[in-house]
């Protein structure tokens, strides 16, 4: 019951905050909404017994990524008049509709019918292994995801180098 | 020596290419050397091709001088070359024209000579390769390899609208050939029963290809025919030709008219018709009709031209209409005549362009209204021009007559392949309408002769019009000799094409059983349509 | 432990490339320090050939450390990786990293093509960057990183590995696009590329999530199993629709990367805005990796015809994509005045031709000749397009300095100034148009032959007909190069032509070699298909 | 009772929001944020499927929690993407002093 | 009888042509003349030798044959270069080489001062060679070679002075009109080949032919003859052909080439007798041509044009001859005509030569007394011969034709239409006779007019021109031909029993027409009487109008009496204008219109460049969609996703 209530609270939080992200004119506000959204999402993750991921969500997203965003926003120091009004062109509208329609189709045709049988809950089934805990996820990570893990290290290097190269004053 | 013997054909194919490679490594800007090397290469090619002619056995079936080497076994094609009589004739024509072409622009082309010579030599290799190839991919490679050097020739050394003409030429011919490429793939994928290795080899295809469905044959034939018809060019696919000819430099026009157009008709003889006999039989009336339209239409077009080269270009349309008519008539006379007419057209129209090129070199105009009275200032050149024109209009005693006569008489006597209209065999109608081309040919050609050679001297003649130089004589004399030689003693040429022509007719017109060759008499109404001409009753 | 050290052998090319990237990065650190002092007292004598100011259009007097070895170093690493890929080419296929990746002939050929492209691109970049005084170790490091990601993409059989490798590749390429700081174009290109690329990866990832939902795994082999079982009695009822949705989104993600219409919109702007050597690298290598992955996903993951997907599964869809791509690419290339932009649209068109091969592959087992054709085409296209952009890079230098793009008029009369360059460009254009005796022709042969054998006749017909339109705009370049007299007085920026010359000669040689003696490459492609691990 | 569908639906909504944001917003930074939203939606979907599997058999060792590891990687990727994306935005801003996406149209046609 | 030297007859002149044509420019004049004359003379001698042999062989096999080589042989078609020297062709060989030699000789004088003399003699040699080939060939195709070959020479010689556009045009016109005829000739060959598989006379002779085939072939071949022999409706080129040097007119356009059609019909008599309807057509065309030619001849002022129309008219007589089945009579007239018409033409040439190029009879007159004695005398003899006022060659040969026409029964069984109840054509013979007789009167009139205007009365030319007689090389041929015109009567004497008459000599060469032997509708002597009367009537009319001293009064009187007719006749009945309006102009207009409309606009513009432009236009419109807005791109991507999702999920 508490789970249900919490879920709907988080649900509303995620949706509202998410909507704020794409509705606020000021990017700082949008960023703040995004942070809020991330927090609510972390809550949802907790409901899904994804403890480690929930922590990561807060730490990496809300902590690191969003700081970066805000930092950049401040760096760019956009003045109010530059935050001009949105112009919704026909094609933007079509695009938004298409996105919504695609997701709608997926929801209606794929997701809705996905769980037609009895629902298994691994968090319950696999309780002994510790579903979603740091230990369990760590085991999965280091035993079976060596390659993606290593490639991710590569990716982060690339991102660092790339970001430095791109943001550097002049070449 | 053994190597030379067994690789003779390949040597002929690649000898010009070797010349081109050598030229590519010569320093730029030294004009004489490039041309010299090119001339030597082309002469060498001709010299190498002479043993082909000598060693050829006219009666032999199949292909001579065959050579087969692995090329890309993993992709299924091989380097397989060989020639039959038809290919031999056209090959000789090509190698024969090679040195003439290079000499023709000896002085006129002064810019980027190396590239010019390379283009000509590569073109020669491509043409010879097209004739000699016996593997469909190899054929196609050579077929398309012709395009680029020709494109450069037109586009770089042509006159005012050269770029338009060059691009049009390239695109036009390319449209047709890409569909042919697909047809080749289709053939390949149906070349053997399931599970057996498939092949692009022409000989193997003819021998062992499982029969294709009627519909497939039809489409494949049309794909091949389109490629070839554009190259010929068959009306109404001809409009690239006047532009290309008009804008090309003399050498380009000579090659274009002399050998390249023949690749189209050659394609019909070699590929389109034998590979798809049933479809070919179904479509020959249409092709013949287009040929006839081409004859009349081309001739009429000639009459409307004010541009010397454009006029000759349209006359090519008419002449090749004859060839198409002859090929589709499928009688020994007509087919042999058509093959001979290919050679004739190469020589005559090539010579026309050659001399018009000399005109142009001197006067820098192709406008007929600028000409007049050339005979007075350049009598020898005019005489040569006149002889060539006469050959072009098929005066007996010149080569043109034999071809046109055989085609027309062969078409006139052709019955079953062409069918009939309300009791009148179409062959007769086509032949009669085609024969009007003989009259119209005289009309426009002699009109052109009068406008250029005769009458009072006009601007062009006044402007430093000089007579033939020694070099130019060297280029025209072989052509004149050829014109008269074929006109007076055509039999060796006809012998060469006899067997391929027979085989073609056998394959297309008489697929059921071998019927006796030779004297055929057909009285109208003597047999139901489809019945071939009966043996010698008279 | 599921980690087997010998698995590293399987990703050797990627490892070598990554190592090379790190070496280059590190070298930059030392180099900058040591040179900073050395160059304090004026122009360094260790700089034997300073870029000529007049060719640069801008005199820069400040001393710059000599970084010219970097291109060669990068090329050496690329060559090593190439060698590593080729050396393994005949080895049997084996899953590595507990099935997250595979080492098979296909992957090795892809890696080989990527590495070859990289090596050639590095050489092309050399002169370009030198002329713009923009050589940095990071550039080559990013190129090597992205190539490393591409090699991994070629062998990844796990959706997450695919995603991460994709990001490695993409992020590096985004940065390369934005590498130059001249005018507004590179950054804009990078931004567009980034936004759309991320958008597409998100879509791809959503598809991966749905596939995960349907199968409980991100391994392609598990996806394949699920596809095989989908709709059958034993499988959960919702699986099939989830899989379809996943297929749609995964296909969309890679349709974006391969630039299939309507996911192509980014291509012209990005290709146009990025520095020409980068564009060449993108056109060649990114395309290879993207197609390799598309094949892995479609053939490896969704290759089995399930009842719901019909006997040919996704074939029909790919046919439509292909048709649309060929049409749009060729149509839009025709009115272009900038060669670079034209080549961008042409790359869309070529994606269409490559999709023909993908479409022809459909079926179980996949048609080997189509797969061969695809690889051959990719290699041929890569060699050609790097060469083409290499020439563009030489022509573009001047405009790139000013932050502009090239125009056909800068090509006029090229054959008189630089006959070799003109000949090379003509060769590349001819090859792109698919005319013998060039690689492009043989590529067309392999692909369209496969299409005909797979009974895709209308598609093949459309393909060759659009290639006629293609011929038109390729020829226009040749027209300008050979037939239009030079109108602008200034010559192409000279200097630093050795590396570019080697690269262009290499490309030209490859183009001719593949065109005249395609068997060598056909054999490689064949070995790739015989050990293609599904 | 909250079932997997709810989570999936939330994920879908978030994904759609992110997608719409990418398409609609002029501000480049908000576009980047929208992309982050989309990635988060995917994460949610992964986690849902990870907890409520559709397959009947017990998860293999390799498959068990692979959804979580996937999310782990996605977060890393998202961070990397954000870094590069922001760097690019800075670069763009340097060259034209604007972060309005629809003004980035030097390259067109 | 097979011989191996027959080929020399045509080859020698050909060799002469080659030598003169290739080297003539550098050869000394005398050498060139020697070559040109000797080759013809040698041919003549060989011909004479052969003729002698043939004349001594009796029966149908009176011929020498040689297969020179097989020209070409394809399928069932075999074309030999074979020569047959029988009494008909042999005699013509003698005429061609004989008259040819005389004209060569004459030309030495006539063309001496022309810078293109070497070209001229090369052409002339070539012509003789081709004419000999035409005459000697034993099959249709080889004959066609000669047939076109002489056409070529005609073209070259008519347009000899090509600086003058009009003259070059005349040559071209000659060739093209001939080609129209040749078109028919070719198709005729095709028809015969189709139904018999043969092209050689020997085998065609024995090949069975249905009436339809024979008629079609004969009619088509006759089309060729109308072109070459200047019959209605293709005669228009001949008057224009007078643009060439006068000896050429004499040789080609009077004596030899233009009679090739008659020769061909005679050669193929076996074919024509199988097609009586065509024979009727031949005869009718012939007589119509004769009368039209004669009528136009009355009103021409150019001396050569008078003779040209006269030739047209006389050729008409010949066709009447062969048309009514009197092949011997037709060919006999051919021979005699060769003599006297050549004589007339050469005479006119001498006049023109003497007057420095003047051809208009209005500026002649009285030349007999102004020194052109030989010319006047020979011209007079030839005039007598052609008009038939005295019974020398022309009188007999023409009369024989008319008599045969009157008496023929070849048309007795013919009906106008295939329907057997339609009117019979038995009246045709007498009608032709009647018209022919009237024509004879007109002929007599205009030839005498020509003579009178030229040689009698007062000189009307400009005073600064001093007429002078031609050198002996020119007068000698005149006299020889004049003599031949007189002596020629011997072979056409109206006695069927004399061994040297033509009819007797050619016994067995010609096929017999159907319808049985001629019946005598008029006694022979009566016919002679009528002919004489008619000829004298013509002479007297001419005298009354153009008697010496009256100058051009006669013309003015005619013009006053019948102005429109006179104008029409002077303008050659406006036929040229008519052809120009209904054939030539429409043809060129069609060509130009077709080019502009069909080729440039429809095919090239619409079908070739049209699609290209559409493609380009579509491309340049579509590219506008790529407007640089990244969000539009994203939107399109999203739409793509939507489509994919839709296809996979909903339609899948």
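Letters A, B, C, D and E mark the chains in the order given here, with residues in each chain numbered from 1 onward.
Please note the rule applied: a contact is a pair of C-beta atoms (placed from the backbone, for glycine too) under 8 Å apart; a residue touches a chain by one contact, two chains touch by 3 or more.
Only a predicted model underlies this, so the values are computations on that prediction, with no experimental measurement involved.
Participant: According to the touch definition, list the chains common to the neighbour sets of subunit B and subunit E.
Facilitator: Looking at subunit E and subunit B together, the chains touching each of them are C.
Participant: From subunit D, which chain is the farthest off, judged by mean CA positions?
Facilitator: Relative to subunit D, the chain with the farthest C-alpha centre is E.
Participant: When all chain pairs are ranked by how many C-beta pairs they have in contact, which pair ranks first?
Facilitator: A-D
Participant: When you average C-alpha coordinates per chain, which one falls nearest the overall C-alpha average? Tell me, please.
Facilitator: B
Participant: So which chain is the furthest away from subunit B, centre to centre on CA atoms?
Facilitator: Looking at centroid distances, A is the chain farthest away.
Participant: Could you work out how far the Cα centre of subunit A sits from that of subunit C, in whole Å?
Facilitator: Chain centres of subunit A and subunit C, defined by C-alpha means, are spaced 30 Å apart.
Participant: Quick check: how many Å separate the C-alpha centres of subunit B and subunit D?
Facilitator: 65
Participant: Compute the distance, rounded to whole Å, between the mean C-alpha positions of subunit B and subunit C.
Facilitator: For subunit B versus subunit C, the centre distance works out to 43 Å.
Participant: If you average the Cα atoms of subunit A and of subunit D to get two centres, how far apart are those centres in Å?
Facilitator: The mean C-alpha positions of subunit A and subunit D differ by 6 Å.
Participant: Of all the residues in subunit E, which ones touch at least 2 other chains?
Facilitator: Each of 612, 623, 626, 628-632, 634-639, 641, 645, 649 in subunit E touches at least two other chains.
Participant: Show the residues in subunit B shared as contacts by 2 or more other chains, in ascending order.
Facilitator: 171, in rising order.
Participant: When you check subunit D against every other chain, which residues touch at least two of them?
Facilitator: 15, 18-19, 22-24, 26, 31-32, 48, 50, 53-54, 56, 59, 62, 66, 69, 73, 77, 80-81, 84, 87-89, 91, 94, 101-102, 104, 106-109
Participant: What chain pairs are in touch here?
Facilitator: Final set of chain pairs in contact is A-C, A-D, A-E, B-C, B-E, C-D, C-E, D-E.
Participant: Sort out for me which residues of subunit E touch subunit D in the complex.
Facilitator: So the residues of subunit E touching subunit D come out as 623-624, 626-631, 634-635, 638.
Participant: State the interface residues of subunit C toward subunit E in the complex, per the touch definition above.
Facilitator: 191-192, 195-196, 199-200, 203, 241, 244-245, 247-249, 251-252, 255-256, 261-263, 265-266, 268-269, 308-309, 317, 328, 331-336, 469, 472
Participant: Inside the complex, what are the residues of subunit A that reach subunit D?
Facilitator: 3-4, 7-8, 11, 14-15, 18-19, 21-22, 24-25, 27, 30-31, 34, 37-38, 41, 44-45, 47-50, 52-53, 56-57, 60-61, 64-65, 68-69, 72-73, 75-76, 78, 82-84, 86-88, 92, 95-96, 99-100, 102-104, 106-107, 111-112, 114-115, 119-123, 125-126, 129, 131-132, 136-137, 139-141, 143-145, 148-149, 152, 155-156, 158-160, 162-167, 169
Participant: Using the touch definition up top, name the residues of subunit C that touch subunit D in the complex.
Facilitator: 2, 98-99, 160, 163-164, 167, 171, 174-175, 178, 181, 183-185, 187-192, 194-195, 198-199, 201-203, 205-206, 208-210, 212-219, 222, 236, 238-239, 242, 268-270, 272-273, 341
Participant: If you look only at subunit A, which of its residues touch subunit E in the complex?
Facilitator: 89, 91-92, 94-96, 98-99, 101-102, 105-106, 109-110
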